[in-house]
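Letters are used for the chains, namely A, B, C and D, taken in the order the chains are written, and counting of residues starts over at 1 for each.
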Amino acid sequence: VGISTGPYSGRTLGTDYTIFKGKAALSMQLVPPTYNKLNSIDIKLDRKGVVMLSFWPAVGQRKYDWQKKQHFALSATEVGSLISLGPAESCEFFHDLSKMARSGSEVKKSLSVAPTSDGNGYFFALSVMNSNTRTNERFSVPVTKAEFAVMRTVFNFVLPKILGWDIIQGGRPVESIGHNLPRQSAF
Amino acid sequence: VGISTGPYSGRTLGTDYTIFKGKAALSMQLVPPTYNKLNSIDIKLDRKGVVMLSFWPAVGQRKYDWQKKQHFALSATEVGSLISLGPAESCEFFHDLSKMARSGSEVKKSLSVAPTSDGNGYFFALSVMNSNTRTNERFSVPVTKAEFAVMRTVFNFVLPKILGWDIIQGGRPVESIGHNLPRQSAF
Amino acid sequence: VGISTGPYSGRTLGTDYTIFKGKAALSMQLVPPTYNKLNSIDIKLDRKGVVMLSFWPAVGQRKYDWQKKQHFALSATEVGSLISLGPAESCEFFHDLSKMARSGSEVKKSLSVAPTSDGNGYFFALSVMNSNTRTNERFSVPVTKAEFAVMRTVFNFVLPKILGWDIIQGGRPVESIGHNLPRQSAF
Amino acid sequence: VGISTGPYSGRTLGTDYTIFKGKAALSMQLVPPTYNKLNSIDIKLDRKGVVMLSFWPAVGQRKYDWQKKQHFALSATEVGSLISLGPAESCEFFHDLSKMARSGSEVKKSLSVAPTSDGNGYFFALSVMNSNTRTNERFSVPVTKAEFAVMRTVFNFVLPKILGWDIIQGGRPVESIGHNLPRQSAF
């Protein structure tokens, strides 16, 4: 049975950070973890959160087709990779959805982040290969130094949320809890 | 219809960070997003937040005229630009209010941030050009390294708030929600 | 009339970060702002917060005399100065309590932060001069690189709290508030 | 008597950050402070929090034996040491449990963090020496630059929580409290 974990445990629309460029748009959004209630006081993280990147193509001057969007879900470690990316460094992540349980997908995705030639930003390039439909969709969005600074800051902010550390808000004395937590002094 | 999003969703006066210098004062304040309630559990960000800079002139020894204040509202990406500004770097932002919907304004503003000659801080210079009244008001405030460190830290703090990411506080299991969120494992 | 601003708006004892060294101990503690309620939804920051440093002398092997403690209250900008201190840099702050309203004090204090000879940490030295009693108390505590990293991190954390930005938690649409906030698009 | 300090002051399972490598797994988890209620409004931190590292060995291809886990509890200053660790730097911490009150343990532990040969990450090596059983268990886990970036970010996040600074949420005017807090202007 689901639980409410805060005033906005429902959907929070419009809270994306989106950058619109010539050929495509790139937005990022925090997808928080889901939790299950174990009993009246304890909860269990059911699924870790992600940072969801979405790419969708430009179809005209300042017009973008949201119907053609493709997603890439960044894990905590992938977020850590982007946060620690040096000015001249690049990184690439691969997601093979066919290897995921019950996905039934034949889709492989790769996200490549490489510095722009002026050294002031990065190209975010998404490739989505579908072996069923034999299609390969590509998106490329240049991200400026200022935009990447926003990404880095909000990624720093979301990492504890993705892992569920933000809901750990201060413990109680051991004797007041009905089960025995290990005394930390024993470590 | 408006909703309350926290204990202090009303105005919070006196929470500015202000620096008083010889020719002018510069204050900065967080203007949080506004939200609309969609239903009993979901909300929608109506308007992104900003960091509001205010400049007002000195009119005597340690006397400043708040009536003559001028504002400059920093967007998330502009905040990102300031956060990532290197010691010898500068940046400039332009706001043309005449291009904004329903503003009816003939005002153009520019904010320039440039390193001081000693390399230890920045000059924040605001120019407000009004083509109706044919006036051009100028403010210039030197910001020390320590003051800029305060700005950088609080700007890092407000970026998730400006984008509305601070209210995303932990999701519920999909089955407990009345609508189908996409399973993140599918991305 | 005072208001409660959170579950722990009372005193929170034991939340200091303290380092014990050969000649003295140094602890730091967050003193949050105080607020006044203006009406049912708006509040006003009454007094900005500080980071309170406390020094007290060693009077034997691992024995310290808390009765002889001296304080130094760091403002937001002084915290910013410490946060942005480079490895070989130093800074010094002066507080003249005789210039403060209603203090009736003849005390002048200075805090000096200077790199240790190995370049891996800083000496925090407090001097308290009392012109009435003609005394000058001095404390000096070496702070290691690791301890200074803790200070830097928690100082980054407290800066928005000191300024009161942490209680600004998301606005409501203008039309739902009984007074007219300026539309941010006008800036 | 214990108090509830938030919606999740109970146990929050599954909120660890774990990395699985060839010879062992390494997880980290926030253990928040415990608090005691002093009266209706004041509380006292009873025990500081820690970051609990857990190591457990691989016993086959992608199989790990959680029963053989060993812990190492990082204090605030040890967390600060890791946060400020330079790319080519190393550090080592020693915990002698026999010197802890009432532990009755004959165990000594050491955690060593040293850069990998490619300079892009660190080896986290735990040694647990038990003088009773005359055993010495060793674990070594390579941590990539991206994984260490996650650690650094969440360690920055937890430091104020470990010290209890996250629960200090905004004070009230002195006159509304039944005891006299020192006026900060006196420092």
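Note that in this section a residue touches a chain if its C-beta (ideal position, glycine included) is under 8 Å from a C-beta of that chain, and two chains touch if they have at least 3 such contacts.
Predicted model, so just to flag it, every value in this text is computed and none were measured.
With respect to chain D, maximal separation of chain centres occurs for B (centres as means of Cα atoms). If you average the CA atoms of chain A and of chain C, the two centres end up 36 Å from each other.
Centre to centre, using the average C-alpha position, chain A and chain D are separated by 25 Å. For chain B, residues that reach two or more other chains under the stated contact definition are 5-6, 46, 156, 164, 166-167.
Shown here, the protein chains touch around one cycle, each chain meeting exactly two partners.
Chains that are in contact with each other form these pairs: A-B, A-D, B-C, C-D. Listed in rising order, the residues of chain B touching chain A in the complex are 5-6, 38-46, 76-81, 83-84, 91, 156, 159-160, 163-177, 179, 181-182, 184-187. Put simply, chain B touches chain C in their complex at residues 1-17, 19, 30-36, 46-47, 49-50, 52, 71-73, 95, 97, 100-103, 105, 144-150, 153-154, 156-158, 161, 164, 166-167.
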